[in-house]
Amino acid sequence: MMLPALRPVIYADFIERALREDLGRGGDLTTDATIAADALADGFILARAEGRLAGLDIARAVFEKLDPALKVVELSIDGQDLAAGQRILKIHGSARSILTAERTALNVLARMCGVATLTRAYVRAVQGSGARIVDTRKTTPLMRALEKYSVRCGGGYNHRFALDDSVLIKDNHLVAAGSVEAAVNAVRRGVGHTVKIELEVDTLEQLEQGLEIGIDVVLLDNMDVATLRRAVELVDGRAITEASGGITLDTAAAIAATGVDLMSVGALTHSAPALDLSLDLVS
Amino acid sequence: MMLPALRPVIYADFIERALREDLGRGGDLTTDATIAADALADGFILARAEGRLAGLDIARAVFEKLDPALKVVELSIDGQDLAAGQRILKIHGSARSILTAERTALNVLARMCGVATLTRAYVRAVQGSGARIVDTRKTTPLMRALEKYSVRCGGGYNHRFALDDSVLIKDNHLVAAGSVEAAVNAVRRGVGHTVKIELEVDTLEQLEQGLEIGIDVVLLDNMDVATLRRAVELVDGRAITEASGGITLDTAAAIAATGVDLMSVGALTHSAPALDLSLDLVS
Amino acid sequence: MMLPALRPVIYADFIERALREDLGRGGDLTTDATIAADALADGFILARAEGRLAGLDIARAVFEKLDPALKVVELSIDGQDLAAGQRILKIHGSARSILTAERTALNVLARMCGVATLTRAYVRAVQGSGARIVDTRKTTPLMRALEKYSVRCGGGYNHRFALDDSVLIKDNHLVAAGSVEAAVNAVRRGVGHTVKIELEVDTLEQLEQGLEIGIDVVLLDNMDVATLRRAVELVDGRAITEASGGITLDTAAAIAATGVDLMSVGALTHSAPALDLSLDLVS
Amino acid sequence: MMLPALRPVIYADFIERALREDLGRGGDLTTDATIAADALADGFILARAEGRLAGLDIARAVFEKLDPALKVVELSIDGQDLAAGQRILKIHGSARSILTAERTALNVLARMCGVATLTRAYVRAVQGSGARIVDTRKTTPLMRALEKYSVRCGGGYNHRFALDDSVLIKDNHLVAAGSVEAAVNAVRRGVGHTVKIELEVDTLEQLEQGLEIGIDVVLLDNMDVATLRRAVELVDGRAITEASGGITLDTAAAIAATGVDLMSVGALTHSAPALDLSLDLVS
Amino acid sequence: MMLPALRPVIYADFIERALREDLGRGGDLTTDATIAADALADGFILARAEGRLAGLDIARAVFEKLDPALKVVELSIDGQDLAAGQRILKIHGSARSILTAERTALNVLARMCGVATLTRAYVRAVQGSGARIVDTRKTTPLMRALEKYSVRCGGGYNHRFALDDSVLIKDNHLVAAGSVEAAVNAVRRGVGHTVKIELEVDTLEQLEQGLEIGIDVVLLDNMDVATLRRAVELVDGRAITEASGGITLDTAAAIAATGVDLMSVGALTHSAPALDLSLDLVS
Amino acid sequence: MMLPALRPVIYADFIERALREDLGRGGDLTTDATIAADALADGFILARAEGRLAGLDIARAVFEKLDPALKVVELSIDGQDLAAGQRILKIHGSARSILTAERTALNVLARMCGVATLTRAYVRAVQGSGARIVDTRKTTPLMRALEKYSVRCGGGYNHRFALDDSVLIKDNHLVAAGSVEAAVNAVRRGVGHTVKIELEVDTLEQLEQGLEIGIDVVLLDNMDVATLRRAVELVDGRAITEASGGITLDTAAAIAATGVDLMSVGALTHSAPALDLSLDLVS
């Protein structure tokens, strides 16, 4: 798996704000009162449940941001499967620092691993088909870059990052434009040549109109399996096909079997449970 | 329900960043190309599933931040139950603006309602007992204020907001301090008089030590129902009792029946699925 | 001309920082010492040279940000041609406020109009051909959204907004990947389905390899007119063609005549002279 | 040439924002898909045209900010002349990092060198006279510190940095105050003793009034060469003289010959074309 | 004295802004013009008056932020007494950097030491009694974390950090709630279990009502010594007692002798004179 | 008194951060639990001691920022004297909002009035002489603009705002440059024409050297009254004279009588006690 580079310049500010959110104005009252400033310890982050790793660099950066003197060693790699009980990060240094940064690091990492783990489940559910699992824009505010990266770690692919990087013509745009043809033409006149045009269709009639005027991707919205299969036949390679709407782990395989190229799942980012992680301190 | 005031000064910056995350540098390519700048519309946010409302002011603020000319009317109140299909926010004005702000508004609101709805389920599960459902610090980074407010909307209560507003002595602090007595005394020497002291205990022995030295709250960690019951008897009103660790909707009633004062549930904020919401446009 | 919406949430922070840059810690020493706090005036921004308007909303926002009590009226519309001497913005209110905001407003507006005016010149130079003038990523740091919008006001089109919204395979990527085929396949495996793939080629051989493997756009780098013409014939509609490299107002027409679809010009944003604007005060 | 220190604390935030503007949410799609995470390379920034160097530290900081593991070596010094083809910065390390930071680094550096190079042309045009070339406040928003430093690298001098560091009484201030005398007296009463007073005059009559009341600097606005010469004689060393208004490379020498102390040129910062730079990768 | 950890993540942004406030856009004009870029020097911060040290890490961070190449050595420890003339920080490196950072470093450090020194005076005034000196929320905006830490360095203790970490029921809250009982009950219903409840009382009657309903802390507002003594007797250990209102160094001992647990002094942070510090340069 | 305009763009961000510092993540626990969301009240800020007003707009802005629905009326004007007991600001609206914003508003206003009041005392002490009282750069970090404005409200004048708006050659610069002449010449070569040059001298010999080479302002550092008098005679109008160093309210008149033009007092901003203010609520 060739993962994209998640640059610190993208998440450094996020980490700092998250630490300040947890430290407040007074810092870690409990730790500062009970643990000596010069006490040293080793800490290990470990998975308490089986899952897929995503975000190890960011967890590491949380500890290093709180205390640059901490020595942090990554014991696995994003995109790897984790066994329950597996150690994934070692932190050596000030016991105070390790405990003070713990919760912020875990909160970010558990969410990212949660997204990767749920994505992996969908990817496995469609294995053997040619369908790719893709995400949506239904992400946690201010975490889109982190969550879309986590989807990649889970074996999924990214749909558009935001409103400005590709076109997705939905029902309201069609109504405003007057017709599929008018909408697509307006987009062609207005947007740059680097932008792909995707059309959301509810019916096979709309699909035919879209294919006629020519589009790059067609989003087949909330269609049942039979309709999806006919839609794929109708498209016949003239556009990329994307099934969308209420796809669950139970229905994923059947949908994938229709031959769609893509299956987009909002739940990957809006409803993934956190992976269960903990930090063990060895003093 | 007397809800705390969630001040715009707390979430305004969050909203702006979230909008910028979705608009990027080029804005809403699709909408700007297909819908006229002067087209007007009415939009309604509605619940597609039954749930509990939290965050309506913030959703409203998203639309008003994107376009101050939009007229936004709240059709319900935070803390209210929502029926499936119920309209909760009306937006009138530029059709472009409504569609461009839609996803950011829904992403925040669906997450907040998700937390409130899951909290409500736990609150209902323990109804009739005296136990309060409380949250933890296992929140989404940068959303702690919003999520803890959502817990309140769901009928739950808040545990500490951060590391600097109350003391929670855990295992690692005890080890460093040497004993329960030493740890509690160190805290008393070090922290201010406005700060409550909570002690996490794994065993009834630890609990007795804590009660002897005197603590405000005791966190009973991962104890089974029988042990919890004995712990409550042992405490006998000398401290507030909090059950914690893997509490599910299935086990909640039994735990509440032990007589504990509080039950803390990390899942309220780290694993609540988003409530299903949508925006309907009426042009 | 259907212009995209340039949302305040994109430029509000930019404007505030720009005002603070000019006011420093002490504000407008001269104005505050010589003009009474309650003196009123009318100010007009006018073009001192012929050109194309871009950024009027932003100029307006500068005045309103400095002093919300100012009444600002826009006297033209972005994308319109301006005659020398034409008034484009009227500001009524505190004379102090008008003078203090003047330079910041003019600095932003003059640069945006400069970009629009230069773009217009290129667009006129290729008029009658089917070629579109497009911008590049060679923009002023922190002004990309404003400058790409200005290009639209000048009649041009936007190339990609940033590194994350489309693929442009250049020489270094080809070398690293080993071949055109390997590079394109790596991209197809790695990036989402909403992303178009553009290939930069120096020779007709590379072009043929690209067409064979299948690409969306081909960037014909620094080719002379004869080679461009052959490249267009070779492509024969199988990809969008973009001429790039040192295109000047003198050479633009000849290049457009080769039949290329796009001509990208870095100078639109990195070297456009500011349009000459001034503010007249009528007290 | 003794250059001022351009401190990272001034430009660090600017650089981070510029990188985020170009990386967006998804980062460098092309590079991350085609180049292995562990591939190493050497990159060289070189001048493709003759010019004057300004901003090398900032370019270096862009690369180091994106990837602290890069080794960056400066091959020249700000304020030096550059030959076409001359290498000015060497970067060793991750090939991905070098390519991802390239455009942001070049965009800043090309603009700064552009300002320095145009300044140098004006300085050379007045060589032999005693006149200094000075800048104005007509700078790119948020780049004032960088552009005024670039003017210094080009051999020019800085006019005031902002509204709060010296007084420049213009026409509108005179009208509001009632007379030159009233305006100057108001300023003397109001502003601190560290602030110099400059008066803009359109006519020799105004100049005489200014000299009578006593001013530090006189801005001779849009005067022809003959009038400038008479103004210089009239001043006779009682104030610093500054010629301003539409000074071009063609007219600069004649204006300098009038004996003015300073010539201020807005074009140095508002209309300097970028210097042509490129990055070569050697893998 | 076991001091809390004052984490860089809390003050790093503050320091950067403070440096930018003093450097402006042009930096240190005087130093950059008179001192060579490669001149080295040793600088020492020393106390010119006797006092208590607080904030040495922050002063160090100011120098390191301006110029990471400076070598800074701390010669004392926060919470230590300083003799007049004592050296407390050594800085080695660029003479320019030392002089440019000097004022910002001294401004922060002198204020923090001032707070610590005044706190120490109050602590000494009540020595021998059991009373703790505590601070208030009357702090310098944006310096609360730093000033409350300084109070600790002076031997004092912290009252609540902010509005969200404990409850203090004042007169206006009582009036709104209707009675002491109603107010306390409302708070118990509304706030979390980790929050202590403090009641401000003006009279012994109010005190009795408070004790009856049960509160954690009682603030005895502006009572004379005789009344305070009776209040302490009345409370008889049922709540923590805090004297507040106009306590001076002259009256502190008598108030402490009444047996109150706490004495809160707003002047610690709102009116502490800066400690006299200077920087000596040895070149 | 013609006061400079203190623009919201300068202090808006400061106010927001200050409010967030006091509200934390949970807001005003006490107020939100005891006061109904729809309860209305009138609040009055009043002076509890005699003093000079500065910062009323900022106090108003704090309330309006927390709750834009509050109606705030200013009852006095910056620069006016305040009697003990005088009402200076009226706030009408949500009782919750008034109480929640109270402390932040008072903290800013009390500090600004404190600076103005102490400045007024110095100004009165030198009344009848021609000497101006001026401030220094010894200000509270991030409050320089507010504190220097407060000095103006107190009748004082501003020294330079920061390192970049005028030159002050001190001992270390002289040592580095080699001589007074060398230092002044270096500055003349290096800095812009809008910048005044001030020289700090310890002895009359240094003063003579400075006068010979020509300087704008001379800072007479820590001289006794007799030496100051001789220095003023020596200068004889050739430069502005500034006495500095340990000037107290007791010594001010005598120093003013030496004929110096300026007396700079660091204590105005680093050690001014807060003015005693309070907020009364009338429900």
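Going in written order, the chains are labelled A, B, C, D, E and F, and every chain counts its residues from 1.
Heads up, the rule we're going with is that a contact is a pair of C-beta atoms (placed from the backbone, for glycine too) under 8 Å apart; a residue touches a chain by one contact, two chains touch by 3 or more.
Predicted, not measured: the structure shown is a model, and the values here were computed from it.
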item	value
Fewest hops from chain B to chain F - one hop per pair of touching chains	1
Chain D and chain C - chains in contact with each	A, B, E, F
Equivalent of B-F within the choices B-D, A-E or C-D, defined by over half of its residue contact pairs recurring	A-E
Chain pair showing more contacts of the two, A-F and B-C	B-C
Chain A and chain C: spacing of chain centres that average the CA atoms, whole Å	32
Whole-Å gap separating chain A and chain D, where each centre is the average of the chain's CA atoms	44
Distance between chain centroids, defined by C-alpha means - chain C, chain E (Å)	51
Where chain C touches two or more other chains at once, by residue number	2, 4, 21, 23-29, 31-33, 36, 100, 144, 158, 161-162, 164-166, 186, 189-191, 195
Touch-based graph of the chains, sorted into line, ring, star, complete or other	complete
Residue ranges of chain C touching chain D (in the complex, touch as defined)	14, 17-18, 21-36, 39, 95, 99-100, 103-104, 106-108, 110-111, 114, 137-144, 161-170, 172-177, 183, 186-187, 189-191, 195, 267, 270-271, 273-274, 281, 283
Residue numbers on chain A that touch chain C, as the complex places them	2, 4, 132, 134, 157-161, 164-166, 186, 189-196, 198, 217, 240, 242, 261-262
Residues of chain D that touch chain E when the two form their complex	2-7, 9-10, 12-13, 144-145, 148, 158, 161-162, 165
Chain F-facing residues of chain A, complex	21, 24-25
Partner chain A, residues of chain D touching it in the complex	16, 19-20, 23-29, 31-33, 36-37, 65-67, 96-97, 100
